[in-house]
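After this come two complexes, each holding chain A, first together with chain B and then together with chain C.
Here is the complex of A and B:
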């Protein structure tokens, strides 16, 4: 039977009122435990407050400052209960980027309601888009979107993808079959390590909410603490990024016994290097290591378990309820073993242009879609991905568009030209480095450039190395030739 | 007997269709009725073919629907040569009845689980509107009917009744 979020939370709270729904940590890192009864009450109150505050003459959305805290979890659940589209916002977003994101929301919504730490909705006017957002035709029309997520899958430039709504609990579909295949169990104890404003942890939280989990929210990542939380709360299900996985493996003697309670560790978000993958297969055994590849946009997913990966190192698995087709640049299918653009098709097919800001993913007439990743299939249908053909820098799973970093740098009065490149980093995979051309006679300290970037960019986008050069290599067409700069930074060191 | 304009008209009444033209095409030494459709958004040819069969009867004679970006026209009429080449290249799934007992049993399971009156042996599962629920229903019913395990990857890679029947034979 399909149920509303309100009904499902109430049912869980009635069935097991005293079981723990959430464990969080306050600013003093003191443990906060909330039962399902208390959680359901707080969510219902906040949902009612949001419903009462809503201006029904225009389309509205809720904005939740989505650090891994109890108020954020309650705020997200309350918006879903009130069936108001919810956008989980990174609380650390610098003002310029935040304005850009709110501007994207303003193209679809007239008002946003910020859920503060006391869960009181504060109305905020969103910057108006090129066209005024359509008026809400009635309460029933407010909920065509369940939630919105910031993504940067293909370019690193902020964009927002919308998921059709409202969210519903369907015992046959919640969580999705692929997540159940990855060791998920109803009513399990789950640790959420990644931030709730990221797609994968956010989705895991929604499934947890609808599938009666006990959720432990780790407010920020520290490898030692993650291991400690898994042991202390006998965590059964855990989702990590490769950056988390690397940090945990670097701890002195990670103890397999500390992970005895874990049924599955699922990793997503970025390519995982072979050493890290093998390290986790050694730690947990191949049957408990799962990897999911799939874009936020819901185009399709692949799944691979550790034992399959050991038989085909480097694969991201087979399509799960997903058909995969590799196409050449002209759109023709190409045979196994040959690299091309990865197109996928799945029952949860998205619209042909699903983005709030009008950026469409590429689709074929018969419903296959791509975010632009390149790869090949083997004869048995296992997918292998190639490095992306554009220059996105992946900082521990966060996508950075070098153009955005360069634009920020060129904004500085002393800078006339700049190039951002990836340099290897031991745990994050890569970080951003910048090559700077100064105005004749100008001088600037590297720390000042970093601070300048910090006022315009999120922390992970700020270059960690600066090199002053006389000119940047450009092609005849004026395009930066980043590859010419790569050798400087082979070892992550700044050249002399 | 259903006429070609009646088929085009039934297709045009579907909300996903901007324009539809139907023609007789020569394929494998027989004449088949093929419709070309410009959609308004994403809609599969099989969904539209089933729509016509529902509206005009299973014997409407429509074999396949080809989805096109722009209607191929020549001399003021739909370009029959273009349709014939699309069919020959396999870009348009043609309705075909089961040819033996295994295919008939598999097709009957698909029809029941997906709530469709008829399923052609070449019809693609996703294009028919299949989802995770119907996939799991079909897999469970096949495991019972044929007494062998079938995993979701085998099912999805087969993707139609004919290839699935080959796995089960």
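Here is the complex of A and C:
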């Protein structure tokens, strides 16, 4: 039976009121435990408060400062219960970027309601976009969106994707079949490591909410702490990024026994190098290591288990309820073994996201879509991805648009030109490096440039390396030739 | 997740003031990739949670102390984090203080403390030289322990030669210092083979007067009122606010010992050149030594001139 979020949470709380719903940690790192009964009560109260505050004459959304805290988890659940579209915002977003994101929300919504730490909705006026938000015509208008996520997708340019709604519990589809195939069990104990404002941890939290999990929220990443939490709470299911995986493998002697409770570790968000993959397969055994490839846009997914990967190292797996087609630049299908653009099609297109700011996914007439990744299929339908052909820098799964970093740097009075490129990083895969041309006679400390970027950009976008150069390479047309500066290509290819 | 970003992050470069801050600033420089002042926010200059874990790891390795996992979030500046380390920082009381690691392409510069015994003022010079240059400070014995200060320049120099040889068994050696530091460096040069540089540096070039708050150490005050002296040092940002109360007494004792030593100094023969930056030191360097004067009208010029000599 398909149920509303409100009903589903109430049912879980009634069935097992004293079982733990959430474990969080305060600023003093003291443990905070909340039972399903208490959680359901707090969510219902906050949802009622949000519903009462809502101005129903205009479309509205809820904004939750989504660090991995109990109030954030309750705030997200409350908005979903009230069926108000919810946007989990990185609490560390600098003001300029935050304004840009709220501006994007303003194209669709008239009001935002910020859920504060006490879970009281605070109304904020969103900057009006070029198209004035349509007035809500009826209750149906309000719940066309379940949630919104900030995503750099594959381009690094800030944008917001909207997931059609409202969110429902459907025993056949919650969580999705692919997640259930990746070791998920109803009522499991799950550790959420990545931040709730990221797509993968956010959707894992929604599934946990609807599927009666006990969720442990790790407020910030530390490899030894993740390992300790898995052991202490006998965690059964865990989703990580390759950056998390590399950090944990760097710990001295990670003890396989500490992971005995774990049924599955699913990794997403960025390409995982072979050494890290093998390290985890050694640690957990191949049957407990799963990898999911599929952009936030929801055009399709592939899944691969460790044993399949060992048989075909480097693959991201086969399409899961997803058809894959490799097309050449003219849009013609090309045979197995040949590299082209990866298009995917899935029957569950109901979950497909669109873009608030009008950036579209490329689609074929028969419904195949792409985010621009390149790759090839083998004869058995396993997908292998090729290096991405744009300049986006992937910092531990976070996408950074070099243009945005360069613009921030050029905004500094001592800087006349700047180029941002990826350089390798032991655990994050890559980080941002900047080549700077200073004004004649000017000098500036690297830390000052970093702090300058920190006031304009999210932390992971701040360059970790600064090199002062006399000029930056540009083509005759004035376009920056980043490949001339990159000592390293993200996937190991050497530039010409 | 930059919970500490609301705090001011553009404080500019402020140098570390004691061994705990110097040690921590060097760790940050290694981890973040560039030098950071003691009041700059770790996350505001691009540090992330992985970098923060590296800081706590480094503390564990150096001091055997497991700090809480969120310690950098709660104490996001060198100044604040150092307050947690002072109790464990006994291992940093020795003469050798690593200020900057450098890129390993040239021998390190050893800078011997001035009369007050501390090496904090050299951190700004290391920063101005640039991160490629390895710099060690040599601080006076007896500042952070109750050890008795040595009282003659040759005895001090002999002890520091052992200190230098422990990290660099062979030359070439690059030496320098302010005030008594110049005299000690000269005496060390007479004891070492393959000395490439003896730099006598005018302390006013290190911390020029009239720039913001007066951060200069003036003449040692009398020992009449130690708490008041300590308070005035704290007021002028010369020492951390949580410095041990006995620091004032130790400091005055070191200061007095150094002034006695330099007054009684009879220079040993040394035939190499001495490079003088700014005004020549108050004590007479022997006429046997060739003195090369570098004017250095501003502090930036000191680093430029020194960098040229270091190659």
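Note that in this section the second predicted complex is superposed on the first by the 482 of 496 C-alpha atoms of A that agree within 3 Å, B and C clash if a C-alpha of one lies under 4 Å from a C-alpha of the other, contacts with A are read in each partner's own complex, and residues count from 1 in each chain.
What we mean here is this: a contact is a pair of C-beta atoms (placed from the backbone, for glycine too) under 8 Å apart; a residue touches a chain by one contact, two chains touch by 3 or more.
Here the structure is a predicted model, which means the values were calculated and not measured.
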Let me test your reading of the model: by the given contact rule, A:341 touches which partner, first (chain B), second (chain C), both or neither? neither
Should A:226 be classified as contacting the first partner (chain B), the second (chain C), both, or neither? neither
Return first, second, both or neither, reflecting whether A:367 touches chain B, chain C, both chains, or no partner chain. first
Of the two partners chain B and chain C, more of chain A gets touched by chain C
Applying the touch criterion given at the start, work out whether A:466 contacts chain B, chain C, both or neither, answering first, second, both or neither. second
Mind working out whether A:172 is in touch with chain B, chain C, both or neither, as first, second, both or neither? first
Residues of chain A touching chain B in their complex? 172-173, 176-177, 181, 318-323, 345-349, 351-352, 363, 365-367, 381
Interface residues, chain A side, partner chain C - complex: 27, 29, 67, 90-92, 94, 195, 219-225, 243, 247, 427-428, 445-448, 450-455, 458-460, 462-466
List the residues on chain C that touch chain A in their complex, please. 1-3, 5, 9-10, 12-13, 32-37, 40-41, 43-50, 52-53, 68-70, 73-74
Sort out for me which residues of chain B touch chain A in the complex. 39, 41-42, 44-45, 67-69, 126-127, 130-133, 135-136, 152-153, 156-157, 159
